[in-house]
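As structure tokens, here come the structures.
Each of the next two complexes has chain A plus one other chain: chain B in the first, chain C in the second.
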Partner chain A sequence: MFHDARLIASRDLRIELRSKVATWQVVPFALLSLILFAFAIGPNPALLKQTSPGLFWLALLFASVLGTQRSLSVEGDDATREATRLLDLDPAGIFLGKCLALIVEFVLLELVLLAGVLLFFHTHVTAWPLLVASLVLAPIGLSSASVIYGSVTTGLRSSATLLPLLVLPVLAPLLIAGARCFAEATGSTGNSAEWSGVLAVFSGVYLLLGIVLYGPLEES
Partner chain B sequence: MGTAISLTSAVALVGRFPVLAGVDLSIPQGSVTTILGANGAGKTSLLRLLAGLQRLDGGNAMVLACDLSQPGRGFRRRVGLLGHDPGLYEDLTAEENLAFAMRAVRLPATHVGQALARCGIQDRLLKTPVRSLSQGQRRRVGLAKLVARRPELWLLDEPHASLDEATRVLVGELVEEAATAGATVVATSHEPEYSVPMADLVVTMGGGIVTASCRGGRHVS
Partner chain C sequence: MTRAKLTKWIGIVSFLAVAVDIWLGLWVTPPDAQQGNFVRLVYIHPALAWVALYLAFGVAAICSILYLWPRTRSFTMDRIAASAVEVGVVFTVLTLITGSIWGRPTWGVWWTWDARLTSTALLAVLFVGYLALRRVPADPHVRARRSAIAAIIAAIDVPIVHFSVVWWQTLHQGATVLNPNLTPTIHGIMAWTLLLSFLAFTGLFVWMLLVRFDIAVLEDLDSDESLDVALAQRRAEGAAS
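Moving on to the complex of A and B:
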């Protein structure tokens, strides 16, 4: 399983390094979303700071849908998918590999968005360990759920529009928990750190679901 | 010589449509078989069934001593399928595509350069992303993947289609080399002038069943 996961992750990242689709399309889209949110809210520093946790996570979620669609397109057309199926890779390994590549991309995306929030939203981090924990945990759940629902929509004519409709509602707990962690880490609110536990549970559940379900989903 | 493929009343459905409607076929190990037939006769569906990519919905099918109703893991690695589209990753080079396939089936990537050279992919073409290669060059890379992987069963879907004369000759040579080394080759074709001389057995399909079979032009000592 881990051999296949490493193989798939290195293939996906190699293709991304070469094509730079995420670099030139997904990251600018995320930053643009953040800046447009800031324009819509207006030049009120207190309001910008107060809304920054939710806007950071919304921008991340919207951009993650693009990143997931790109990750699915890396698998190629029907012929390429069948050629890959003939290699008889472990489905759990394929799932983990795709998640691993997406986690790397999502963490980089988070760093760019964090820089944008600190720059444009008058926000200061007061609890780095909590912020780092949430920024590490969230991409695991985000990538797991996205790859599972991506495999459901693969091959459908309407997959590009269906994926966000299916996956965004599922990601609501992650959005809420991530925004609460971010709010506490930036001193916007004084809630407890229990929300990072929600992130951990969400990520763990979807990671396990993906390992179990990815094979049957791909075969069907 | 054992039997590589044994199908008895094999049925395969796509939706409710029987793409294979009861195929009876026996192919010896190490032989070359050409499958002829009009469009929609079931040739490609038969290759997909033999590769374990199409579900067996009725009858019996034994391929490489493996029951296709429950092929199990590891079966597909013993099979190589080259379709109209060789199924390569567009953003990777020919070399990277083959290295990925070799690592996936746990084989050393040391034969990759040799296999590509055998199929005429050399020098700058090795480092060129597949999306920049011509259709013929892609087919050559697909063939090189088979050469490097050395599967026990070669399934070729119209291997001579849209190729120049030199590549058609190459296909014939590679098929002969594979069969001589003990692999079983099954190729569909619309070009009997190329495919029949290289075959031990010629099978004609129509309406999802085998309608005729006869000896081909290949003579093995």
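Moving on to the complex of A and C:
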């Protein structure tokens, strides 16, 4: 399973390195979202700082939908799905591989967005370990839920509009927990252990669900 | 008794039970010592939530698992799951509406970002997504398999809704009967009316599920026949040219 996961992850990352869709489309879109949020809120530094946790996670979630669509479109192109099936790879391995590639992309996206928030939203990080923990845990759940729902909509006629409708409500606990962790890491008070726990449980549950359900999903 | 007759009788008995429940709730039961007449919504709202969250989405989740299990895989499971979700979404929306009507005089607002309310609204959106997925044209097997997975994932929100009043500090009151101590805080005619509401709305759910299931069977038959007619027309065109 892990060998297959490594194969799929390296394939997806190689395609991404060559096509640079994430670099030239997903990352600029995420930064654009941040800037537009700031325009909508207005040039009030206190308000921008207060809303920055929610806006950071919203920008990440919206951009992640684009990243997922890109990752799953690779499977739909040139009968890649059928070719992968012929290779007799473990479905759980395929799922983990796609998640792994997306985790790498989402972590890079988080770093760019974090730089944007620190720069444009006058935010200062006071608890780096908590922030790093949330930024490492969240992409696991984010990529797992996205790959499951992305696979559910792949190949359907209106998959582009269906994916956000299906996946964004599922990601609501991740949005809440991530934003709380971010708020606490940037100066607010609260129970950081509780929200990091929510992120860990969310990520664990969806990773497990994906491993179990990806096989039936990919059945011919 | 044929199934059609059984369905009809379940419907008649359920509607009568709902009418009796409304009569008891509005005219026979006394007002509450603290909530006054607003307590009368308790004879509708919890029963609607019971049907939506536990019955409808529970049936949908179980049938979806049974569809994915190779030994029990059949379109009957898929149709029951889809029918249950449709009825469940209607009941969830009614739950939110009746809750909102109770919330306005009690909390002073139509809506508040309370954990129970938010998770219930999220559940409704998740299953609306499920219904949207089913509307997309696809091979019936592919549609059934993908819908089953979407239903199982969405059903994860049900325990979150149930335990939200325990896990977080919420405005929503805790369970009246099935609380952690199992000590009901309702008695007498009020308790019996509450029990009747649960039975009446459960019957109504069963009736709606059976009717919607029959419609789903007819829809699939119609779809198959339409395909046959379209194929025959194309063959006739091919033969003519």
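We take it that the second predicted complex is superposed on the first by the 212 of 220 C-alpha atoms of A that agree within 3 Å, B and C clash if a C-alpha of one lies under 4 Å from a C-alpha of the other, contacts with A are read in each partner's own complex, and residues count from 1 in each chain.
The rule is simple: a residue touches a chain if its C-beta (ideal position, glycine included) is under 8 Å from a C-beta of that chain, and two chains touch if they have at least 3 such contacts.
Computed from a predicted model, the values in this text were never measured in an experiment.
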Identify the partner contact of A:14: answer first if only chain B is touched, second if only chain C is, both if each is, neither if none is.
first
One more residue to check, A:172. First (chain B), second (chain C), both or neither?
second
Should A:47 be classified as contacting the first partner (chain B), the second (chain C), both, or neither?
neither
First (chain B), second (chain C), both or neither: which does A:76 touch?
first
After superposition on the shared chain, which partner residues are touched by A:32: those of chain B (first), chain C (second), both, or neither?
neither
Touch test for A:85: chain B only (first), chain C only (second), both, or neither?
first
State whether A:132 touches chain B only (first), chain C only (second), both chains, or neither.
neither
Regarding the shared-chain residue A:213, is it in contact with chain B (first), chain C (second), both, or neither?
second
Applying the document's contact rule, which stretches of chain C touch chain A when the two form their complex?
68, 122, 125-126, 128-130, 132-133, 136-138, 142, 145-146, 148-150, 152-154, 156, 160
With touch defined as at the start, can you tell me which chain A residues reach chain B in the complex?
3-4, 7, 11, 14-15, 18-19, 74, 76-77, 79-90
Inside the complex, what are the residues of chain A that reach chain C?
145, 148-149, 152-153, 155-158, 162, 165-166, 169-170, 172-173, 205, 209, 213, 216-217, 219
Given the complex, residues on chain B that touch chain A span 48, 51-53, 73-77, 79-81, 83-92, 96, 100-101, 103-106, 129
